[in-house]
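Note that chain A is present in both complexes that follow, paired respectively with chain B and with chain C.
For the complex of A and B:
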């Protein structure tokens, strides 16, 4: 029994998100796909085909970088979860009132600074002449300067640091909704801390864990700044490779193909993750 | 400390020697929070297989007391023994008590079978054995074959029974219940009262039940402790607490009562003559009231102790008779009552006789009220 005016209102309210989806997401992707399936056969001569995709699978450097990016992102997601869960549990269950708000704000404060500045902060700490290296030297623990930048560990530190907030927020929300008396009931029935975590807390927090993991994984996979700045020119991050194709090599066709492969990869891994944790996307996004 | 207590308790459990102990003993149990004493020197014993209620208004410390028995809070001092073994320093997961929480605290991520089997899994019982014992206990609470269902598929009363089954499957020495009927609607609550009592008898386990609802406590309990401001005012069987309250608080809190402020005029052995603040003279018989002439008192009078009459002829001379007018008739089936305004202007609640002889009573009618001197209870007025 919707009247015509309220229907109009509904469409007007829907219009911005609809325009955003169509103009900024769907149309560019269609364009990108069109570009990715056109092969350059001569100056200004193109033909339709999957040659760009074939190039990707034919050259080990490309798909190895691809796999490396995926594995590193999964690892970063796992590390973020392991580090973020205790923090979120502490904030949600073991603090009350002002302490809780303060701690939550303290997690948020670093994100008031731009990602570029934060990444440079890590470079100041980790580089050869940086804070950590000079402190270790002045303490006499090492004899010469040590380079902590430009390796996989540095990339990992940067990735976890940039994305941990996006893990903590959904986790705090779901853990907050866990009734304390459920945990008490667990102890009362003879449960140990480990079994209560495994059987009561984690199943309850599962939607938060999954949505946090999806966001962190996507952010890591699509991160450009952190791997390039902290990993140096050997970082071999897939986004860096896409950038090179578009900007340095001016090979838009191949760059588009790589972009599409990244989209397929991230979707496939999220799908697998949801299947493995037996969660559905609507449950996960609906409950947090 | 933990190990020291846990080991003897495990070996002694079920041993014939320990059966002579009451299931639960509290000695001078006290709990202090910052500048506030929630539980104040509480001592009591609960014999094996009995239903013990702790009745008190909200904020009287009964939840704190129950949480100390369960082990979620540790007493500031005093001792707590279950089957003769001290529980001080024993964590909740090592105590032979189980608790039914106020909102039941069933695990929503598990089905009913997993909920009930949770405690057995923690003890490392085999999978087949768990399934068998879970099914057996569900049958005993009248819910056979529901193991595979989800929690939200149950009604309020069924959830209640699952929560009890989840505790009883562990065969605890003492079952603690924290106002579990509070969330139910009236009809179901009345039904669950009877059911809880019969479950307790069937399992033959000691129940410790806390509530602010005096009717729950009166119906179900073998013994009631009335609690106020962290102290036990009286411990006794329901009829004792109802008919012979030890203190003014118990008299006012358990059951309905008319409270009359009065002053003692004269004392003649157990016979007291009192003058109410409104000027009415009354005769009260109170053994060992320790009241002296001139002392301010509070008189408590049950509505059912007052007789109604249309004329004053039938009353004997030593009774307290007064004439009044009907202020209101509160019809409530068998619990109907009449509010009578006495000449001094005080309102007195009188139970409506069930004979039907006063069915025609209307607002403004003249009636006589009468009560026998030994029916009233007299206490020194609290110092203000």
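For the complex of A and C:
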């Protein structure tokens, strides 16, 4: 009797996550896959085959765009880590009490407005008639207007800005759990700042670093707004390509294939990253 | 006795009038085609309520395709995009001409649109708003830009913008002395034209500041002076002209590209009567003028230009003399499958360095 009730309780608790997974993740993906393996041969005529996937690998344009997107996302992740780590270390280790809360809050405040508004903010700053360009001119540092928008650097700035919080939060959590006495012991034993960082702090923070990197990488790779709005005429982004196939080309079949490839290739990159950093997914996700 | 009769009559009318055919009209249209005051007037007169969703040609088709033509009761795609979408996806239903007051429409436009939107013997579209796309130029800084290919001139390097969409391909083709519309039926010939345009647009790429996406984006670029010449819609140019007299719409030498936005009924629309009521309402001359004053484009309504503001008429006449009007290239219906070729071309231009 008791086992029956506990079983019922177990299934009731399982139901929401199970429904979520099946209805919102698995079923749509099956549908997407079915669409992606149908090739269009004429109006309202389709046949089953892997032609859409063949197009992706056959036409350099598509996989080059994917490679470009992946490389820029990895670069954005690295930059976010380099910028985020000192901030997180400062918040977690060098501040106490109220200052700590205030600093943490200040990192979060920009995220209270939507991503669209933040991106428009960057457009106002970077454009030729924008804040930075006019300020530099009035200071006499440059003679004519300078265009900072519509290039890959602008995309990079936007990506780092939109995702840095997702790096800082896991880092602060893991660094917080590091006992200060370990660092002190390191100094007592004659360690230098560099060696303590390398031997004590970074190994301890590794799960946080990896989980932060996974989140930031996935957010950058799947970002649509920032690359479209800040990027220029050469700045192709893979998600923009998927949008184009679905909406302006009416080619859902190819768009679905691209969507699936994005899922598969990004998972492969994350898997490789975990292997290279010798972390397991359960470690990374379990400890933060 | 008499008072009872009167009361019952009043009650009956009060109940019957709005309840007889009060529906919710879900309208899928362009920004500016359903101004607030027009909706308020329509709701007061007919008792229907109107829900507006603004969109563009591609998104309209994509939205209707996702629901097999459901979710909306009336849509307004351009006339050249109707038969191919119907052939591929079957998202519309034919117009019942007996429910439309044909006297409100300019006969030549009604006939032309009917011809262009006939699929398997049935008419799907009625003309509503028409306009053109061509060049919007800051005449003080780029007065030499008179045709699409002038955008590739060194004098305007880095200060040019256009869209990476099919109108750009068509406009450049005409400007290069080709005739893309005549090649619509011949895939090989059309591909040849696309290849030439691709080479031209790839060469032209260093001149471009950015490819614009939305109407507000290009207006901002022109208003701030960051862009001095671009391909854009006539209304955008006229709106900017109101703020800065130097900027205006220029009908290109090789001809502006003319479009007509239509009324079509989505296949699974639920409020057809309300849709016909809306069509017959907005085509009235007084309402058509209200729409022209907000959208900036003229309509297919008889006498629809009578109530249009004098400023707008002056700007229109400034951009179009009679020969420019005669030279407008009207989009014929796009054959199904042509857009796949254009898409591949646009992707290659976008990726070219």
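Note that in this section the second predicted complex is superposed on the first by the 283 of 288 C-alpha atoms of A that agree within 3 Å, B and C clash if a C-alpha of one lies under 4 Å from a C-alpha of the other, contacts with A are read in each partner's own complex, and residues count from 1 in each chain.
Here, a contact is a pair of C-beta atoms (placed from the backbone, for glycine too) under 8 Å apart; a residue touches a chain by one contact, two chains touch by 3 or more.
In this text, all values refer to a predicted model and were calculated from it rather than measured experimentally.
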item	value
Comparison of chain B and chain C by chain A residues contacted	C
Which of chain B and chain C A:46 touches, first, second, both or neither	neither
Touching partner for A:185 - first (chain B), second (chain C), both, neither	first
Touched partner set for A:203, first chain B, second chain C, both or neither	first
Touched partner set for A:195, first chain B, second chain C, both or neither	first
Chain B versus chain C as contact partner of A:228, first or second or both or neither	second
Contacts on chain A seen with chain B and repeated with chain C across the two complexes	none
For the chain A and chain B complex, residues of the former touching the latter	179, 181-182, 184-192, 195, 199-200, 203-204
Touching residues on chain A, where the partner in the complex is chain C	42-44, 61, 64-65, 127-129, 147, 149-150, 228, 232-234, 236, 241, 244, 246-252
Residues of chain C touching chain A in the complex	58-59, 61-62, 65, 85, 87-90, 165, 205, 208-211, 213, 224-226, 336-337, 339-340, 343, 347-348, 350-351, 353
Parts of chain B lying in touch with chain A, wherever the complex brings them together	70-72, 91-94, 97-99, 101-103, 105, 107-110, 118-119, 121-123, 166-167, 170
